[in-house]
Each structure stands twice: as C-alpha cells, then as structure tokens.
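We just call them A, B, C and D in the order they show up, numbering each chain from 1.
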Amino acid sequence: MRKALIWIAFGAALIALPHGLSFSQQEILVFLTINILVVSSYRLLTLTGEWSLAHVVIMGVGAYASAMMTKNLGVYVPVAMLMGGIIAALIAVVLSFPLFRMKGFYFLIGSFAAGEIIRLLWKHFRDPFGGAKGIKGIDPMPDFSIGIYDFDFFEPVSYFYFAGFIVIVCLWILWRIERSPVGLTFHAVHWQDKLAEASGVNLRAYRTLAFAVASGFAGIGGALLAHYIGTINPGSFDLDYMVFVLTWAIVGGTGTFYGPILGCVVLTILNEVVLRELGFEQLRPLIYGAILIASILFLPNGLESIVQKFTKRSAKS
Amino acid sequence: MISKLRAAGLTRRTFLKSTAITAVGASMPSITLAAGEPIKIGFLAPLTGAVAAWGKPGLDGCMIWAERVNAAGGIELEDGKHPVEFVSYDNEYDPAKARTGATKLIREDGVSFIMMLGGDTWPGVQPVADKTGMLFSTLLPSDLSPDSTTLLAPAEVHPIYLVTGVDYLADTFPDAKTVVICAQDDALGLPSVATYLAAFEARGIEVLEEPLLFDPATTDFAPIVTRMLSSNPDIICLDTCYSDYVHPICEQLFQQGYKGKMISATADFYDQMIAKTSKEFMEGFIFQFPDFDDPALSGDNINFEDANGFYEEYAKRHPGQWGAVSWEYASIMDLWKAAAEQAGSADPEAVMEAMKEGGTGKHAFGDAVWWGTELFGIDNALVGDWPVVVIEDGKAVIKGFKSIPDWYDQHGDLLIKHMQAYNQMYDQRG
Amino acid sequence: MTQFLKVEDLTMRFGGLVAVDALNFSVDHGTIHGLIGPNGAGKTTTFNMISGFYKPTSGKVLLHEEDISGLKMHEVARRGVVRTFQHSTLFAELTVMENVLIGTHMPFRPNIFAAIVGWDREDREGAEGRAREALKFFGLSDLATERAGDLSHGHQRALGMAICFASHPDLMLLDEPFTGMNPEETRQMMDLMRRLREAGTTILLVEHDMQAIMGLCDRITCMSFGKFLAEGGPKEIRNHPAVIEAYLGGARHVA
Amino acid sequence: MLDLLAQTGLNAVYAASYISLVAVGLVLIFGVMGVINFAHGELFMAGAYVVVAVYADMHMPFFIAVVVGLLFVGCLGLLMERALFRPLRDNPLGGLVASIGFLMILQALATMGFGVRMEFIPPVTQHVVQLGENISIPLARVYVIVAAIVLLSALWYFLKRTRFGWALRASAQDPQAAELQGISIAQTAKIAMFIGAGLAGIAGALTAPLISVNPHMGHSVIVTAFIVIIVGGVGSLEGAIIASIAYAFVHTFVTTFYGGVIADITGLSLMLIVLIVKPTGLFGSADRA
C-alpha cells in the first residue's frame, strides 16, 4: 500500500516535472530521459563484465534503421522505433561473433573498432545512409490526442511524456531481467565464468544475450532521439558521446541499477545547466574534466555509494 | 496547454507571442521592445570542441561589430535607438544541443534574430524555426530548402562563388588544361567538389582523376599529395578544406616539388603558408577570401561598413586570428541592421520582409539578388559579385569581382548535373 | 550394460611435454572412483579433459558410449558430468543462496521472456526448492544469506559441492575435495559422499589424502607420469608394488 | 609507377616512425600501470604545443624545444601517475575515467592558452632530400625517422640491458612477482609514466612543424595508436613497433591508391581480422588481457 503510494507520488512528480522547468531545460530533460535509457542498457551489458565502446554506435544503428524505415518505407513511427531496437539487437548478434572471441581490454578496443567501421560505412555510403551529412527531415512522431491531453511532439513536454513512458517500460523490463535467474546468470558469468560454465551455463550465449538485449534498448533510445531532433549523422554517435556514456556509468557506479542513472542525471545537470547558467560556457570542458577526476578519486565506488551509505544509516536507525 | 493552443489553429506568428507569454520568467521577445532596451541577437555556433574554429572567431567579430554600432548610438527603430547585444549558446556542433540552444535563445532570451554556422546543426534547429517563425542565418547555403522559409544565407554563398576563381584562372592562364581535386569528405567538401567540377567543365579544363576524398581525421597528407602529383596536373584544386588541411597540403606540394597552379576556396593565414613554403611557390595562389585591409574593399560598391577599420580593430584584439568567419557573421549583421532600420522594427517577419524587398540586397561585396530557386528550391541566398583573390608578392590582392548569377545563367545545367551526381541537390539531401 | 564412463587412449600434450599419455580406465555407475598418483602424474589434467576444460590432444572420453571429448564445459555439464574446482572457486560476491541457484541452471533453465512477463514462477520456485535441498544436504541452510566470500574454508568447499549437487549430476567430478579440511570435516564430507552414492550419483575424485581415498573409494585408478599405473579396490592398490614404488620414488625425488 | 611506389614507401616510413613512438609509449604505460591512457593523444598534443611556445613564440632553437617537449610531457606523465593512477591503482576503470578527465583539461588548457585555431610553426628546414627524379623526402621528415630509430633503440637498450629496464619488464609481466623480488612498483611506475608520456610528447614535438597543431589533434593519433597496439598485442613493445610499421604501410598505400576513407576502413578491418584470428594480437600473451 505504502509502496503504491510512493510510486503514485513519483509518477505525479514526473508528470509535473517539466512544468517547473524553463523551455531549454525541458529540451535538456528530453535528451536526459533518452540518455537514461542508453546508460541503463549499457549497465546490463557490463553485468557480464564486458565494457564496450560500441554501445553508442549501436544506438545509432537503431536511429538509422528507424529513420530509414519511416522515410523510405513509410512505417508508423512507434513501430519503426521498435524495429530500430530489434535491428540494433540483430547487428549486435552479428558483431558478437568476432567480438566475443576477445575479452577485457581487447574487447573494449575491438568493440571500438567495430563501431568505427559502422560509422565509416555510414559516411562512405551516401546512398542510403546520406554520407557525412546523415539523414535529415526524419518524420516526427505523429501528434495524437488522448482526450485529456493533446500530444504535440514538437513540444518537449509532450515528447518527454512519450519518451518517458517508453523509457520507464524499458527500465522496468531491464529491472525484471536483472532480478530474474537470467540476471543472476549474468552476474555468474562476470564473477566466475569457469564455474558458471561447469554449472551448464553457455557463456557465449549469455554474453551474446546481454549484448543483444542491451543493444536493443540502446537502439530504441537512438530511435527516440532521431525522431525528436529530426536529423542524425555519423558524428552524432561518435567517441565523444560514448565517452560521456562511459563516464556517466562509472561516475554513477555500476553496482546498482540506479547508479548509472544517477551519474547521468547529475553530470548532465552539471554540464548542461549549472555550468552554462554560471556563465562558464567556454570553460565547460575544463571544469567537467576536473569534476570527473575529483569524483573518481573521492568517490571510487560512484555516486551510488553515497546513496547506499544514506539508506544503510536510515535502515539502522 | 501549448499543444491545445496549437490544436485551436494557432499560426506561427501568434504562436511565438503566446509561448512568450506562457513562458514563466522568460523575458518577452524583442518584438515589444521598450524604448532603449537592447536588441538581442542570438549566436548559435560551436564555441568549444573540434569545430570551434568556425564559431569562436565569428563571435569575436560580432563583439567588435556591436561595440562599433553601440558607440554610434545603436540601431534606429520606430521608437528610437536601441543598443544591440549578442547572446551566445555553444552548440558543440551537435544538432540536439543546437535545438536546445535555439529554444533557449528564442523562448527565454527573447532574441530577434539568430545566426548559425549551419551544417550538421541546422536540421536539428529546423523544426524550431518552422514553429516559431524566428529568422535564422547560416553560413552554408546548402542548408537552404523550400521547407524553411525563414532561413537565409546572406553572407557566404558557398560553394557557388568558387566558379569565379576558376573563371579567373581560365582567363589568365589559358594553357593550364588539367586539374586534380582533393577534398575533405564531409558536408563542406562535397558540394564544393561538385561546384569545382562544373566550373572546370564549363571552361574545358580536364579533371584528371576522380576527386580524392580524405577523412577529416587525416593528419599526414604526404600520401594524398603523392597521389595527386602522380598524374602531373597543371592545376591542383584544394576544394573547400579547413585551414588545418590547406596548410599541410600546400607544404607537401612544395616539398614534393610541385610547380603548377593552385586554387582553393580559402587560404586563411596565408602568410604562414608562405613561411612554410616560399614566396615564389605561393605566388599566384588563387582563392576567394580577401583580407579586409584590401583597398578594393573601401570602394563604393562594398557594403561592409568600414571594412578596413574593422580589420584593423580585429587584428589588434585577436592578432593572427583573422579568417573568413571573422567577418561573415558581422556582415550578416550589417544586412540585418539595415533591414531592421528600414522596417523600423526588430520583428523577425518585418525584418525579413525589408531585407528581401525588391528581390535585391546589399551583400558585403556589392549589391546582390536573392537567388537560388533552382539549386536550393528557395531564393534565400544573397548572390552577387564575389572577389577573386590572388597572392602577389606575399600579399593577398583582390583581382576583381565576378558575378555569380552571370556564370550560372550560362552554365547552370552543369552545376545541377554535378550536384546531382554528389547527392547535393536540396531535393536529394533528405 | 554399456559402460558409464570410459576413457580411451586419452592424451594431452603441452608443447613438447606429455602430461597425460594414452590413458585408459573406466568408471562404473553408482560407485565412488578415486584417481590418485604422485604430484605431476596428470590427475588434474585428466580431470580437465573429462570435464571439457581442456580439449584432449588425442583419445576419447566416452559417456554412455558417446564421445564427449572436445565438447565445451557446459555441453559436458548438460550431459550430467559436473565438476568442482580446486581451491575455493565460488561466486564470492554473491550470497550462498545465489551461488546454489546458479547451480540449478540446468534443471531450471532460465528464459528471458518468461522472466520479464513473470511466467516463470514455477521454475523459480522449483529452483529455489532444489537450492534449499542442496544447502540442507551440505548443512549450509543457516548461511543462505551470507556472502559466499565471507564463509570459512570448509563451508566454501561444501558450497562448491552444493553448487555441483544442485544441478542433479549423474557424475560429480570432485577436484581435491578434502584439501585444507580438518579430520572432523573430512569425516563429515566422506559421509556426505556416501549418501550421494546411495542416492545414485557416481563420483570421480582426485585426492591426495590417502586415508580418505582408501576409506571411501570403491575403485581406485593410479597414475604416474601421465601413464596408467594400476587399478583395483583400495586393498589391491595399497599393496600394489608399482604404486608403492611410484609414491616412494616420487618421495625420493621430492626429497 | 615505380617512382610512385618508392615515394609512397618513403611516406609510409615516416608515418611508421611517429606512430611507433606514440604506440610504444602507450604500451609501456598499459603494461606497467595496467590502465588505458585515453589522454595519450593529448600528451602528443601537449608536446606539439611546447614547440609552439618554445620554438615558434620564444624563438629558441628547435632542438631545445623538442627536448623541452620530452621533459615537459614526461613530467605531465609523472603528474598523472602521482595524482591519478597511483590512487586508482586497484581501479582500472577509474584510471580510464581519470585519464578522460585529464584529456578534457589538457584540451581546454590548450584552447585557453593558444586559441581554437591551428598554430603556426615556422619550418625547421625546407631542405628536401632528392633521391630520384620523382622521389624525395623533406629533411624535416628524415629528422623524425632518425629520431624514432635512435629513441626506440635507446629504449630497447634501456629495457634489455639495464637494471631499471629489467625491473620495468618484470613489473609489466607480473607486478606481484616483481614486488616479491624487491622491485619497487612505485619506482617503476614513475619511470614508465615518464618514458611513456615523454615518447608521446617528443613525437608531438618532432612532428609539430609538419602537421596542423590544434587542441583536438590528439584524437586521430589515439585512434591510430589503439589500433596499432591491439594488432601488435597489448603487452608487447616489439609488437607495437612491428604493428606500427605494418599499419603505416597498409594505410599509406591504400590512401595513395584507393583513398583515405577506404584506408581507414581497411585499417580497422585488418585489426578486427587479427583479433578474430588471434584474439590477443600478433605478439600478445593472454594473461594481461
């Protein structure tokens, strides 16, 4: 009962949230919502112990697939988004054949190379990928009305509700997976792959499963982004973006489900709102870099460790 | 709430006003400027990151422009004089951040006009422009399309002005009959390649090889230069490259013993190129961007306000930083100021109307026409004469102004043919 | 009756070194079978080949006459041959219960779609039941919520076996299960193994503790320098001249 | 055609020289510190900016600027070791994030100190060595090649023939075993960071007059270096050098004959193929992966 109330209050707060923000902050909120899905799906991949540098490119695969489907085939946008996710997952399965021959650092760099190849292919083939300019004029989500609320997807508030709903469904699925025997097996693969294998776990299959599922959700995130801003190009999914996802995850901490989300929210607000408001527009990279270093030095277990300390203390008292 | 208003049949113009009213704590757009209140102009370009060189120097130029205008009393509207103020937003050359920035500048800062670099960032801003009716400018006319009526390309008509350089080359050196082109493989390089191909074809100059495209991440240009020289061209065409590439390519050409002609869109910091090669080697280098201390720019045909003085001031404050973007944003402001004063208002719609009145406009390099329907699907590019600049005795000299529309009237079909081959026509760029 | 497990001419070379050389022996169903030999005899290598950890250079491992050599470890496990590891190889970061739940992977194979929509309740309950059974069997029920890495050494060994047991193996391969145990713990562990045998599980173990081996095993295979040396009941092996020679010789070398 | 092949070969030798300097430094740091130094490209950039400051702005001799570049960037390496990697020794991902933070700071400092535009560096020499009618190499590039050979030979001697080198190699192979043998890990870490960073710095300093110096120049360098050390095998210095040469030749020849973008795709594909065939790189061993 109390739990239900908390969830209702949380939902109401989310619905009210954009109305307390300025217009540009609403825009940032939309991108933040999408990035939460990207960084959470990234965490699922890291559960099996592998850190990929291809995640953002695979998100781009979903974006390109969804954009091209709506543009060239006239597929209804939400269907195209789902298909974008599925195609991203399929590409991940294909990539897993070479990539999962590697582990650790090799996997990290191998995944980077695979991602760069995909990006160069986008650049090189002007037909159908649009080359370096990418794809423009991507169909927006068609407006609709649910009686009490008219969705106008140009407005960040509307898109926030739409994307927020999808992201929450995706997060719920990710949470269910993590809390299931499948999630437990991911942990097992991470901590003692040999023992897991001796218990009958097909390591390759589980690594591939985590990679594919994570990629699928990243693909949906990419599609959400593409249909909002209406344009994507190979530069939208470059190493810089990947570095941001990586730092959100690590600064937030990957021990808990909420750690990466926390990292994403805190660092985005710092970088996009606080530093800009304070007038450090052109100094932002410097300060952001310093914040990264400070947080990793003084909070080696991530921002989540603060929350854990706090909840433990309140549990004791 | 806003979406309901839209559903009730809101037009673009009233939309802008109504959102401004609903914006909590956001100041009103300058349409209803109080007397003496500053007019705000948005500057939405990369200020950090790898493309910052295309934004930051322009903002520096705008600051000088604003000081000069404000010192002279500001901009004269119906209700008196207003000072002008630039509000910048660093879009990091990212379409999503550009969208956020455009929203902030329009709905929160209440700017009357937004200048952008364009390119990758424009498509992200386009929906915002369409909905709000805000007036935008870009440096890259390839952003223009019939879908966006409020986007103007009033300064640089890249890449079409490149034809003037080729014309000059063919007129002056009729013996140069073969050319090799190299270009960076991106949104800047490709339309430029198509234009050069058309210009060379128009003058019967043979292009010896497929244009050599290189990735913008290239650091060592020796292999590309070796390849270019292997076919022994009379002319080397450097297309439109960032100066980060123009310099090392020229240096390599020099070191690998090239002796022929060179033509390029830009030669920013050409004094450094001379220092890295030799005066003799760079002699006769053709490009399109004059130094603003050039006496030809004090002529009566030039509309850029006190070009020589502007250059002097810029060189004093930012020594060694002068380049094409330094003046382009400022020249757009000249145009905007004239239009706003004519309209007596900073209202985007009124300014645009005044600017485009009669289909002609005062481009920095002389009176010009609003043009571009065939290439861009809309006549929002201000096209007229463009200077051909040649390095003579270590100094850039304007060798004359040539008309772009005249060239197009003769060879337009060639340009369209090559643009289509590179997927660069407005109806292909989707 | 077909042979339960049969090893035929099994050979493993590491570079120029022959670790196991044309080894032959067989294990009968429902027995406790020991594999002994002096240090470096190739016992663990043999183990690793049977369990699929190594791929043999040549030779076969036949399970019910099916050649399982060269299969991956999980494929071997799915045929009912489950191993433990030397030392305390556990999921140290997870709880004891979670450790054993991973052991139930094979009987209650997780399904990601069922897990998301919640149609796997029966399986989850079944797995939990089996895990409790395994914990109870090895006397770990009270420790279910502890972190595995925090357990005592003896408990860790027991947990390793519980993980193995939870998967309903036909054949348990135990790698030095008594190492580091005190006599009391060893005695308890031997009891557990006898109970496993009564329940129908076949056990093949590698062990140094001669007393435990002799008291526990139905049959013993002795190896030396990678080769088959002798096979028989505990008594025969104890008195086999070649075995005595091997151990004494080995001892001399060591000394 | 023969001339073109020979000229392209010379271009490749130059590319191999500076790539191998960067890659060897990266391998050394990874080997001893166990962290992926994402800021390595920015150390290269820092070396180039030292030349801008010392040689172009202060008009000191180029040779001095290069030495200052080596020392300054080496000291940056020491700073990274002391302030970032030592406190984060048990946290390789933390080291990665810290190096990303350091990269951002270096880029921002370069922008603040020198502006976003590319920098001008007067040519050190304009002499061109003519080897044939159409075959030539600028003397400045010969300097880079010679410097690379000398430095890498010196490094090889240092690693194989001196006690420090022995300690360094031992701790790269197995830090714990090295510590047991009385090798001070802190000491070797400092030496490795100084040398590794210094090599990147001197590569940046040497090539500065030949390439475009701007705050973001490190990006393409680090990407190339990653490819090279993966192909060579992460722990292996010899592998890094051989892979640098192989990559430089493949990339240069494909650029000349097929184009730059194809060359990039070829380089990355080659790397993936190497990893598929031998997942630890050509000269790598599995244990440090």
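We take it that a contact is a pair of C-beta atoms (placed from the backbone, for glycine too) under 8 Å apart; a residue touches a chain by one contact, two chains touch by 3 or more.
Since the structure is predicted, the reported quantities are computational estimates derived from the model, not experimental observations.
**Q** Which integer distance in Å separates the CA centroid of chain B from that of chain C?
**A** Spacing between the chain centres: roughly 75 Å.
**Q** For chain A and chain C, what's the span in angstrom between their mean Cα positions?
**A** 43
**Q** Counting only Cα atoms for the centres, state how far chain A is from chain B in Å.
**A** 36
**Q** With chain centres taken as the means of their Cα atoms, state the distance from chain C to chain D in Å.
**A** Whole-Å distance between the two chain centres: 49.
**Q** Send over the residues of chain B in touch with two or more other chains.
**A** Residues 48-49, 56, 185, 215 of chain B touch two or more partner chains.
**Q** Among the residues of chain D, pick out those that touch two or more other chains and give their numbers.
**A** 108, 111, 219, 223, 261, 264
**Q** Would you identify the shape of the chain contact graph, picking one of line, ring, star, complete or other?
**A** Basically it's none of the tidy shapes, so other.
**Q** Could you list each pair of chains that touch one another?
**A** A-B, A-C, A-D, B-D
**Q** Within the complex, which stretch of chain A touches chain D?
**A** For this pair, the touching residues of chain A are 51, 98, 101-106, 108-110, 112-114, 116-117, 120-121, 123-124, 239, 243, 246-247, 250-251, 282-283, 285-286, 288-293, 296-297, 300.
**Q** Where on chain A is chain C touching in the complex?
**A** The contact residues of chain A facing chain C are 173, 176-177, 180-185, 187-188, 191-192, 194-203, 209, 213.
**Q** Taking the complex as given, what residues does chain B use to touch chain D?
**A** Spelled out, the residues of chain B in touch with chain D are 48-50, 52-53, 56-57, 185, 212-215, 217-220, 222-224, 226-227, 229-230, 243-245, 247-248, 251, 254-257, 269, 272, 275-278, 318, 320-321, 323.
**Q** Tell me, which parts of chain C touch chain A in their complex?
**A** Residues 51, 53, 72-74, 77-78, 82-85, 89-94, 98, 101-103, 105-106, 108, 110-112, 115-116, 118, 120, 123-124, 127, 163-164, 167 of chain C touch chain A in their complex.
**Q** Inside the complex, what are the residues of chain A that reach chain B?
**A** The contact residues of chain A facing chain B are 22-24, 26-28, 31, 71, 120, 123, 126-127, 130-137, 140, 143, 145, 149-152, 154-158, 225, 228-233, 235-236, 240, 272, 276, 281-282, 284-285.
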